[in-house]
Structures are given as C-alpha cells and as structure tokens.
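This is the structure I want to talk about, given as structure tokens.
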Amino acid sequence: MAITLGELAVRFGLELAGDPGEAIDGVAPLGAAGPGKLAFCTGPRYRKQLAATRATAVVLPRELAADCPVAALISENPYASFARLAAGLHPPAPVKSGVAAGAQIAESATVAESAWIGPCAIIGAGVVIGERCSIGPNCVVEDGARLGDDCRLQAGVTICHDVAIGARCVFKPGAVIGSDGFGFAPDVDGYVKVPQLGSVRLGNDVDVGANTTIDRGTMEDTVIGDGVKLDNQVQVGHNCRIGAHTVVAGCVGISGSSIIGSRCMIGGAVGIVGHLEIGDGVIVTGFSMVTQSLPGPGIYSSGLPAIESATWRRTVARLHRLAREKKS
Amino acid sequence: MAITLGELAVRFGLELAGDPGEAIDGVAPLGAAGPGKLAFCTGPRYRKQLAATRATAVVLPRELAADCPVAALISENPYASFARLAAGLHPPAPVKSGVAAGAQIAESATVAESAWIGPCAIIGAGVVIGERCSIGPNCVVEDGARLGDDCRLQAGVTICHDVAIGARCVFKPGAVIGSDGFGFAPDVDGYVKVPQLGSVRLGNDVDVGANTTIDRGTMEDTVIGDGVKLDNQVQVGHNCRIGAHTVVAGCVGISGSSIIGSRCMIGGAVGIVGHLEIGDGVIVTGFSMVTQSLPGPGIYSSGLPAIESATWRRTVARLHRLAREKKS
Amino acid sequence: MAITLGELAVRFGLELAGDPGEAIDGVAPLGAAGPGKLAFCTGPRYRKQLAATRATAVVLPRELAADCPVAALISENPYASFARLAAGLHPPAPVKSGVAAGAQIAESATVAESAWIGPCAIIGAGVVIGERCSIGPNCVVEDGARLGDDCRLQAGVTICHDVAIGARCVFKPGAVIGSDGFGFAPDVDGYVKVPQLGSVRLGNDVDVGANTTIDRGTMEDTVIGDGVKLDNQVQVGHNCRIGAHTVVAGCVGISGSSIIGSRCMIGGAVGIVGHLEIGDGVIVTGFSMVTQSLPGPGIYSSGLPAIESATWRRTVARLHRLAREKKS
C-alpha cells in the first residue's frame, strides 16, 4: 500500500520538508531502510545513522531536520508519529464477522453481528461480546463475562466468569483473566480455600501480554485502568488496582492487594509485595523488589548488575561479613 | 442464599454473641460490608475498622468480642472459619455431568458417569477420570493419565501422558503438568536430548495456578505432596519433590531434582537451584535465591528492597568496591 | 524392548567391558537400578554409588572402568552416550499421520501426508507443515507460518502468523511463538501501539519450553539459532537474536533487541535488559541481572544466596548505610 509523502503529512498532521509526490510503501529501521521506506530518528545520538540513511523519508524532531539527507516529516514526538504512520502504512487485516466452524456460543450469549468468533472458541452463558470483537481460535469466554467493542482475543485466551472488559482491549495468546486468586487460610490440617468472590474489571485500551495472568478479587474486584499495558508473563494478584496508562514489562509479579498509581513504569522482572501502595508516575527499574509503599513520582531500584563471577563471589563474601562487623 | 446467624453458628461450630435470627446473605470486607453481610477480623490491628463496621456480623477471635459493635461469631482461627463460612454462603455451582459438544474421549478411557467433559476437551487412550471431575473447555488429558475424584481442570489445562493425580486437585487455566524436563547432554555438535522417562505424581488437594508448569522426571517421578498449593506462573523442574502442605507463591522457579519439605512457605519470585534439600517448615521470603540446602524450620532471605535509584546506584558502586578493598 | 549389551556397544560405538550377551531392558538411576537396567556415572564423585550399584551395566568414563562392579560401557562423554542409549531403549512412539476429528485446515495450507494434525488443531491459510510433523491437540498455526520436517507441537501451542520454523523443533504445551512485541510510544494521552511488522525465525533443532513466549520483531525478525534450547516460562522480547546451541534455563526474561551469542548458558531466572550484546560462550549464573554488554567467553553473576533472615536484614541495613558513608 503506497502513499505519497504529501498525503502522509496531511493525514498525520506533520510538517514535510521534501518532495510531497514521493511514494512510501512501508517502514524500516533507519540503518536498513531502502527506497520507498519510511524510517524514524528520535534524537541526536542517531545523527550518524541519519546521515547515512537510504530511506526515502525520515520522521524526526525539528532539531534534526537540517541533518536529514532525504525527505523529513517533522514531529514533536517522532516515535509516536512513526507508530501512527506505520499503522497507516501497514493496516491490520479488518476483523471478519461471523462464527467459525467448531465455535460454540451459549444461547443466552449476546454476540454483536460484526464480531468474529473463531474456530473452537467457547462462549458461555450470558456473555456479551461487543461490536467488531475478534475472538481467536480455542479461546474460552466463561459465563457472564462482558467484552466492550473492538476487543481482540488472540489464540487460546481464557476470560473467566463475570470478568468485565472495556473497549479496544487486546489479549495475546495464553493470557488468563480472572482465575481464582491465591487465597488459603492455614488450619490445623492444611489449608482451607478462601472463595474468590470478586471479579476483574479492565478499562479501555488495555493490552495483556502472552501467558500473562490476572487473578480475580477475593471480595472486591481486581481493577486495571484505562490504557494499561502489560507485557508477557506478568502476574497480577487478587484485589490489585493498577492506575491508567501504567506500563508493566515482562515477567513482573505483583502480589495481592497492591495499588499501583497511574502512568507508572514497572521494569522487567520486578517483584511487588502485597498490600502496598505505589504513587502516580513511579518508575521501578528492572529486577527490583518493592517491599514498601513508594510515593510518586520517583525512580526506585534494587537490581544488581552482573559482573565477573570471581569478583562477584568476593563481593558476596564481603557483603555477608558486613553484618558481623561492628558498626564503624 | 440467606442463612441465619444461629444456623451458621451451629453448622460451623462457632460461638455466637448476638441475635441468632439475623439473616446473612453474603460476605464482604470489614470496611465495606453493609447490612446482611458477614465480615472477618483477625486481630487487634483492625480494631478501628471493627468499631466502625456496618456488617451484620463479624467472625473474630475471643479477645475482640467485647469490641464488636454488631453480632460476633467467635473462632480460634477466624480466617479459616471465614473461608468455610464464605464457601457455605457462596457455594460453587455443582459440577454438571456428561460430555459437551466437541469433546473427544478415547474408547479405552474410563470416565466416571458423574464427571463433566467440557467442549473440545480431548481425553486420551487409557485415561481414568474419577467421580465428579470437571474437565474444562479445551483441556487435554493425554494417554494414560489418571485423575482421582472431584478434580477440577479449568480451561486449557494440559495433563501429559501417564501423569497420576489424586483427589480434589484444582488446575487453573493454562497449567501444564508433565511436560518433558529440561535435560540435554552437551556433545561436540550441540546437545543431545535426555529422554524424560519418569512422570509426575500429585497427591490429594493440590492446587495448581494459572500457567504454572510442572515437568516430568527423567528416570523417577516428580512428586507433589498432599495439600500443596502452587500459585500462578510457578515452574517446577524435573525430579523435584515437594512435601505436603507446602505453599509456593507466584513466579517461583524450582530447578530440577530439588527436594522441598512439608509445610514450607516459599515467597513470590523465589529461585531455588537444583539438587538441594529444604527442610520441613522452612520459610523463604520473596525474591530470594536459594543456592544451598536449608535446614528447617527457619526463615531465609536474600531479597533487596528497592530504594531511590540515585542512592541505590551509590550503594552498588560501594558494594562493588568492597571486593577490591583489603580485608579490614 | 530388551537389547543385549553387545548390540548396544556396536550400535552406539562404545567399548564394552563385560558379557556382551547380557540383556538390557531400560535405564535407571545408578542408586536405584536393578537387574536388566543400564545406569550412568559421570565422574569420581559418584564412585561410592558405583561400587554399590545393582545395575546390570553402567556407562562411564574410562577412568572409572576399574571401579565398576558390573559390566561397563566406556565413553568419552558418558552423559551424552547415556542420553542416546536411553532414547534407543525407550524409543518415542512413532508419529501418526493423518488428520484428527475436529482439526481444521485451511484450503491453501500445505500439509505433508506424513504429518499428524491433532484434534481441534487449527491450521491457517498458506501454512506449510513439513514431513512427519506432529501438531498436538488444540494447537493453532496462524496464516503463513511454515514448519520444517519433524517438528513436534505438543498441546495448546500457538504459532503466530508468518513465523518460520526449521526442522526437528519441539514446542511444549502452551508455548507462544510470534505474538506482537511490547512496543508502545508514549504520547500526550497515553500510549500508541507500534505495529510489530517483523516475524520470528527459528533454526533447526530448537526446543521451546512449556508456556515460553517469543515475540515477533518490530521491523526485522526475532531470530533463534540452530540447536537453541529454551526451558519453560522463558520470555524472549522482540528483535532479539540468540546464537546457535545456546541454552536458556527456566523463567529467564530477555528484553527486546538484545543479541546473545552462540553456546552461551543462561541460568534460571536471569534477567537481560534490552539493546545489549552478549558474546559467544558466556555463562550467566542463575538470578543475575545483565545490564550491559558482556564479552565472551566468561562467567558473570549477580545473584545473592539466601541466608538466615535475621542476619540478612542486618546485612541489608549495613549495605544501605554504605552509600551514606564517606569514601574510606
């Protein structure tokens, strides 16, 4: 799908420095792009690659326009503009509507006519599926769950009973929303299961990664705000609340009943213990363990960078010795 | 489903301080409960919430009975009592029996008449499914696997060939039991797969979280004891043995051939290396790495709490310097 | 399936010290093996178990042959030889061919006649499935994906659109290959999704663990080299490249755009941040965080071993104090 630079500039509200008649048929990285391709450059650290680019055009900030050897689309936020341009140049296939062979839809379910129910997808009693939703193969939407318009469940997603989902949410393969939280009361001969009577509520524009799991609440709901983005293999415990536009990288574990503010950024493999509160705008760098409430905004860390093992072993030995030393 | 306080007291063996005729129709948190609701209070730290509660009744320890402004159900273990009361007030739907459309059951499988085989569930040759089991949609039970009575597989669970499971086990969506362990022998041109000829044996009352994985043994079985509770996204390597009533929180990884005692508590995101032994009653706090055998009982840790990043960076620099310093 | 020692020695090219007529019908651990069983012993640290073994024969290095009380198969690499012998004695069931009930294959897909498509497996448009592939129950192979010969997808595996896979790759249950990478551009009112237009390419003999996820690239492909072995619950971010014969243990997270060399060994629960390069032959020990490029070969670490909690708390307090102290 080729579009002229002039058309792109108009459609995406960008200033064009260059020939508006040149055609663009796709995107490519700055260093690898060839003729017909659009690349992006976010800042001066890529100036060298910019100078050498063979792309037909580059999205960049005004400060780099003079350094651009080819056509430039000037943006205050080149990365966001590029994301929109790339989506325009490579539009996703439109959602089919209808019901595939092997799908099973309970009689009491309400499925929009514009929605697609894929092969062997199982839609339970009382389920509501909004307009233009796409339910992938082998997905399970249990009784009473509700999906807003334009949601997309890829293959093998499980939405448990009574979970409520906003519009435009995306679920990657293997995601599980609303399984029972990990609640067990110790007793003399083992553990007694605590019934998990709450549900999960997701806002609009939530993105849930592959094999990510979000547990339902015990007595109240687990709540995920608008625009939250969860990467793959994230675990969200029961009763958690995550504020709008917070981003959580892969392999993060969030224990039960923790409250995370809006516009936070949680780095990969972070662990957050339960029953604490993280303020708005908090950044936690990768591999950190959050053990207490953190006021926001702020940046917090406890990850240790790997070094040569022999040196590291000496470091650990010295560290363990610290506790035995007298206060200096 | 409303039940009088008097009936609850008798049925669950609790002492009632209050009007036995008051009706309870559900549970709610102490701070949010309204009329008709039962809440719980485990200790004096919640005294203030207790004083302000609008619940109709509260399960609590004797020491707090005098502080309770409403009816009280007195228990030596209020949390366990509450779990049982909540299950009584909100009973799970009874398991249906029969076979859903799209399910496939091998001729040589033995499925109890009282069991439910959900849509598109695949039951292999020689499989045994006990009384009142519920096999959810899109589950796969491979050849030769055996499930005791009252097991519940939610959606998309995989039980691999010849795995043996006790009674009353629960498997949340996406759990995988009995996939091949990670065994590869290094050789001159890469790795040779070591056949994984053992299986997995689970006791009774085991709970397996969403997307949790338990590998089959190499030559002997991986063994999970009675009453073990595994949270979501736990990984148990081949040949491990986990003792009865041990609880493992989310995102824990247990390497192969490790032996964990009974009644242990393993915190979230803990890593346990292989070929070691953890005694009975050991507690490992979250985000710790267990590198050697630990006698039990005892509490062990190595997690680092996150602090402000600027301070943390200085701490790391000082830490790395330690190894270079002369012994003081 | 019983085979004589003489036949095993010839077939696997090993020197036999003992009676070539003795029959072997399976493998077992050195300490548990009984008559008819073959065990292995890799080094002098198992000398005591070797002396006491009741196995009929043991695979071992020449240096231990004199200590072996029973027949010995002598190998320069006893573990690799044992892996091959075990596979010979316990051959996997041959792959069936054909299409199971409930499977759905798009008309434009090309499926080898010798391949097996399991129950409720969904094969998309333009897919190519090589000779003797086995596609397990409830697997999904999306449009345009290509699998080489002899690949094995166990239950519930998802191969996303246009992913290219070599020969003899194994995918354990719940693995997800080619879901969209985690790319979002921050903008004034939240995040804009960055289209993920690349794919995933896997070499030959790649092993992918249960519930492991590999994201597709943004503009170029994520690339996994020949013979790479990924354990369960590994996460590989978009645009990563992993060199041949690298082994990644369970629960590892690799952030986007990182390049890992060949013949590396990445320990369990390691976290690797994005946009860095790890050289050939690097070993990263378990629970380490890699924050910068690491030259290879070399061994790197930052994991902290768990100790008694009371001592650990004092250690952490002293550590945090370090940053506040004057340089000594």
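Here the chain labels run A, B and C in written order, and each chain numbers its own residues starting at 1.
Everything below uses one rule, namely that a residue touches a chain if its C-beta (ideal position, glycine included) is under 8 Å from a C-beta of that chain, and two chains touch if they have at least 3 such contacts.
Small disclaimer: the values here were computed from a predicted structure and weren't measured.
Judged by the touch criterion defined above, the protein chains are all mutually in contact, each touching every other. Taking shared numbers over all numbers used, the chain B to chain C interface scores under half, which places it in the different class. Between chain B and chain C the centroid-to-centroid distance comes to 27 Å (mean Cα coordinates, whole Å). Contacts with at least two other chains are made by residues 102, 120, 138, 156, 174, 211, 233, 251, 269, 304-305, 307, 312, 319, 322, 325 of chain C. By the touch criterion given at the top, residues 26-29, 32, 77, 79-80, 82-84, 86-87, 90, 92, 100-102, 118-120, 136-138, 154-156, 172-174, 205, 207, 209-211, 226-227, 229, 231-233, 244-245, 247, 249-251, 268-269, 286-287, 303-310, 312-313, 316, 319-320, 322-323, 325, 328 of chain B touch chain A in their complex.
Interface residues of chain C facing chain A in the complex, by the touch rule stated above, are 102, 104, 120, 122, 138, 140, 142, 156, 158, 160, 174, 176, 179-180, 182-188, 190-195, 197, 211, 213, 215, 219-220, 233, 235, 237, 251, 253, 255, 269, 271, 273, 283-285, 288-292, 294, 298-302, 304-305, 307, 311-312, 314-315, 318-319, 322, 325.
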